[in-house]
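Letters A, B, C and D mark the chains in the order given here, with residues in each chain numbered from 1 onward.
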């Protein structure tokens, strides 16, 4: 059953690709849309049937290079299939509208469509295939096709630059994975995932830890843990909005999937792993949001927020590992549950936010927050959807972000109360503080984004906003928005699937564990209801207010300007001035170039100040080493200097050294030996 | 239920007491205790004026602000008797609900496109961000202390037996008081009565609110005060029976109000630029508290 | 007798390293050709006569007469300046060639092979490397060709060392000699000579990547 | 059969030289292709049978001969397309020379694979030099002249080196009193040979072959040759000619194994391989001439091959596989280069771009070929590269593995930034549509087939191939 479905799933893409040459561009678009939609349906069927009927497993007879290729669809795979498919659904529909602007560029569109389908297919395959070698191949197909989708607007220089950066970094990640799988292959002679388990079981915890680290780095590059995050802020702004949405929604989540999968397979000292992951994640989260706040380009900003959310997910994962290590079920449940749920939630609201940013970009043709303002009047739907997403990503009730963060919080607090010793207690507290800080910073960031972009008055009069919003560019967004609200209000609908997925980590869930799980789920339910209650309360209060003030006449006038009655739009708070106080605090952690002119002379002159936010880690970990390597390489550029004498000289040197060096070394050895005798 | 009623009652007189204290200390015969409430009622009766640049956000913000605070109040227990809403880790929701209200007020301030309100908005956001860790550390240490993670169970199990714990209680009170000060943006972090917008935090955010909305916001501030008052009171109520606990509650609220009044009349406002570091002191104090409790529970081995 | 010839050969190398004029290079080539002629005759005692004749003919006609004459012709035809234009001063060249010979002797000292007369080995190696050195250290293309011929002579000497057992290899050497020299000289005369007057390597260093 | 083949070839070549008629030329070339395939098929059925005392189709030779048969067809076909497009100064005579030397090159490579006697191999190496030089000098330009001069001179030196190496080998045989110089006898008596001379001979032979093989130290002239030769010829130079070098080194290294010299030989090869990859990295990251870039990528791959060969274990298998796949993949780049040049009339990255707009089929092919040549999965080379890494890993050369991986990443970066510039970046000034020749998608068919074939061979290798490779590996173990 599943086998058939998965094969259909793959064949659909193939068929669509083969049909392309015979279609005109319009139909290619329709075919792509249709294919992805049907694929989503198929994938969802697979996922749900797995959730209902239990694991599906079958194998292909691979060649002797790959060995047998087992395909296992367990709850984890199903969970990820679920969220990937959903994001791709909205992404494809939104992208269909988004790309209508470019319909004259048939070639690029075709390539893009093909790559999009391939990306989706390969990602689902990654979730199901369980053979290291095959996985490497689909993994790289995924990377390559997503690279092609990213460089859609390839006539821009920075697009290509960012794209190549993405390609190289994902290649580095695949190198790490290759070495890790090779390691297992050399030791066990099999690419099957189960070999990893048997191998790590037989090895010392330290070796397994090393293996895990290789896997972790490989996947962390894809999912953007600090310090491997540098490709995200470059790739997201240049990609088309729907691709950014998909990329930040699911492509980076594939990395999370990998890490979760490896945690299922690798048997090692989970406590150490937990400490490691939590530390990395807290740093990731805080660093991401700290940089997000000072960005001017809203897509870059959202990209940094993806890093932050990866941090939150990571905290969940680490917590789960600590739970496993300490044999504390409730911790493991909260940790992995929070992580899985937040993965889903983030894929929802982040894609929503990116689609909104796409609408903004297409209406105003700028991504610079500083130039925007008052868009809520021109594009209300986008504005309110963005607000929804913003509240959700800040983890505020009654939206889904809060649910998953609550999960993690309760796990951490559980840890604090149950940990037997000072060090772990402090560690959990440190994580709690991290989460709290992340929340607060996110609040600043999104009040800034929403307030500056949508509210007030336009800060740059030259931008004319192209309205009205197309229905197709809104409907997918409402779809995600609905899901966000649903998960926020009735999270227990997801509970059965979530519980099954979590249980794959805690195979032996004893009775007390079940009780705790139950209580947790009750909590979940109550949160949902209270959130709903909060909505109702607000509504009621607003209703009362309306009733009371209905009789009265409201006056309209300019904003109070302290006596100044002229056009104050230039005097509004800008994004940078909004975060100035924060920037002053965070200066040491950031890398901000300021271009500042001082007003001189007696008479008023126009001066302006610009800040360019940079990335300290990128500067120190990527740029400088790369520059150094380039320098070293270029210093050898004399080799091919066109002089035939030199060419022959190389031969002589090679032969000469090959003859001389060993003898000389031997002689030196003899000398040393001789000297040692005294 | 009971805590809700008590807090609502307290909120009626709280600001009056504060004002009265200030006037007495400055040697004036101040207004009656109910004067602030009357102001609010007067505002509620008025019609309002809206800026042309504002949108629906601006109109709904005050309501959500009030709603968030009410929602938060519903979670506060009275000693042993739980609040209307009570579940494990409810204080997490408490904090996040409050920040929801804050989000809306900040956004509303930006909605006016004024050249001042952004200032207040950004400061408000920053300060609340800085306060949040303090609150969580505090609750975390209580959780560690009592082994439970909901307001009700925490407060019912808080008992100050040894000398250290008295000290801890004092520290907790101190932190809570200061958190309340920041959250309500009063002295010494913000001077609501200054005449200069550039130096205000909260008041400058609501420059453009008028009439009913302004009334709502003002009253919400009172509510918030009494809410924190209730939290502080809960520190001492513990498992006391009602006939003792209710008077104790009001005494605490009264002392809190007087304290606020005294601080406002004798302290000068911090320099705006230095506020962050002062606010962060809270977190450090809370950390100390945490360590103290680690000592108490004997987890330092 | 053979040793004397061989030593003469290496002395000619020394002379070559310090001589400046192309003419003297050609004379040395002629000399080396003759020396090889002699050595071949004296060494290959066990090869059948026809083969021996062939080889000796090659050494005499090709090495000692044809090639030098051709070169001379080219130099005249293209009016190549008669200077060798080395990169390094002659003194250092002399030093280096001496070092090469010493190096060859040291190398020979390592081997423990009674089947080979070490003189052949030493002279051959030093000739080959001197030829390489000449190519590397001189500017003109024509000196490259000369250097190459010198290398060939060295190879010839080496092949003579095994000539008695494996005449086939010597023939191969001869073949290589003719083949490569013809190829190189062919290109040289037909093409480069016409295209570039006073051929100088610097004119042929456009294909490069730095 | 070999003899027939040689005679037939010689006749065909003479025909090509002297005939002036186009159709006759076609006929002769197609006849030759038939002859070549006949040889290939024949040798399939006469594995390990010595004929004419000097030629044995052992498994390695057979494998290489077969890929040669495959590559030769598109190479000759594209030769025709090339001559038609570049008809400036194309005379029947020059065409005759061109195809004559193509045929000569292919033949000499093919026969050299099969030869079981080092001296015979050497002779055919000389002949390849001759034919290659004729091809390089096909455009009678100053640059071409320079290229051919350097190539001929360096090759002359290198074959002299090989010859010297052979002499040393014979000296070591003399010590052991062996007369027969064929590889089989050498393999049998490898332990009797005198290590001292063996060392020297390996050193000289390796250095000599490195010119054909495309390795440090003598790779230099090869780059210019591949750059200057017409693209179809360049394709041959960078595939089957490099294989010739590989065969030579492989067989000679086969003599060294199990002798005391082996470790030393390994060291030599490893050093040379690493240096080659390094050199490739140096130039791939800075070079702007795409044709030379393809040539350098060949250097990189050969570096990997020789590493695998030296490290041993599964590396030897991987090395052979890598060579085979590289022979299929690399020519596609050169064939595609033809189309690029027709459109832009330039080979410098600076004045070409947006290829995707002008020639979609070719552009997609180039994209695929890029992924194949950089050994990113799902390309075929990934498999062999994976195995080479694995052999490095197994033999505990982890540090070396990391260095290689780093260099390869840099290479991909340089390669990629050029290729994507070429594919996607719009030009400063658009080409006027009239000047762009229309290129039919069928032009790229052969490349697609080759790439597909390489992927197939890599991921689903037919058992026969696996067995052949394993037999070839036995020489080393």
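In this text, contacts are C-beta pairs under 8 Å (C-beta built on N, C-alpha and C of every residue); 3 or more make two chains touch, one makes a residue touch a chain.
All values reported here derive from a predicted model rather than from experimental measurement.
Traced through touching neighbours, the fewest hops from chain B to chain D number 2.
The interface with the greater count of contacting C-beta pairs, when A-B is set against C-D, is A-B.
Taking the CA centroid of chain A as reference, the farthest chain centroid is that of C. In this assembly, the C-alpha centroid of chain A lies 36 Å from the C-alpha centroid of chain B. Annotation: 31 Å between the Cα-based centres of chain C and chain D. Computed from the mean C-alpha positions, the centre of chain B lies at a distance of 99 Å from the centre of chain C.
If each chain is reduced to the centroid of its CA atoms, chain A and chain D end up 43 Å from each other.
Looking at chain B, no residue sits in touch with two or more other chains.
With touch defined as above, residues shared between interfaces to two or more other chains in chain D number as follows: 149-150, 153, 157, 223, 283, 286. Among all residues of chain A, those that touch two or more other chains are 637, 639-640, 644, 646, 648, 651, 659. Across the assembly, chains come into contact as A-B, A-C, A-D, C-D.
Note for the complex: chain A touches chain D at residues 63-66, 107-108, 111, 133, 136-137, 139-141, 144, 151, 154-155, 157, 160, 163-164, 167-168, 171-172, 174-175, 178-179, 182-183, 185-186, 629-630, 633-634, 636-637, 639-640, 644, 646-648, 650-651, 653-655, 658-659, 662. Interface of chain B with chain A (complex): residues 44, 47-55, 57, 60, 63-64, 66-68, 70-71, 85, 87-89, 92-93, 95-97, 99-100, 102-103, 106-107, 109-119, 121-123, 125-126, 128-130, 132-133, 135-137, 140, 143-144, 147-149, 197, 207-208, 211-212, 216, 273, 276, 283, 290, 294, 299-301.
Residues of chain D that touch chain C in their complex: 119, 122-123, 126, 129-130, 133, 137, 142-143, 145-150, 152-153, 156-157, 159-160, 163-164, 166-167, 170-171, 174-175, 179, 181, 194, 196-197, 223-224, 227-228, 283, 286-287, 289, 292. Partner chain A is touched in their complex by these residues of chain C: 107, 110, 129, 132-133, 135-138, 144, 201, 204-210. Remark: chain A residues 373-374, 376-377, 387, 391, 394-397, 402, 405-406, 409-410, 413-414, 416-417, 419-422, 425-426, 429, 432-433, 436-437, 439-441, 443-444, 446-448, 450-452, 455-457, 519, 522-523, 526-527, 530, 533-534, 537-538, 541-542, 545, 548-549, 552-562, 568-569, 571-573, 577-582, 584-585 touch chain B in the complex.
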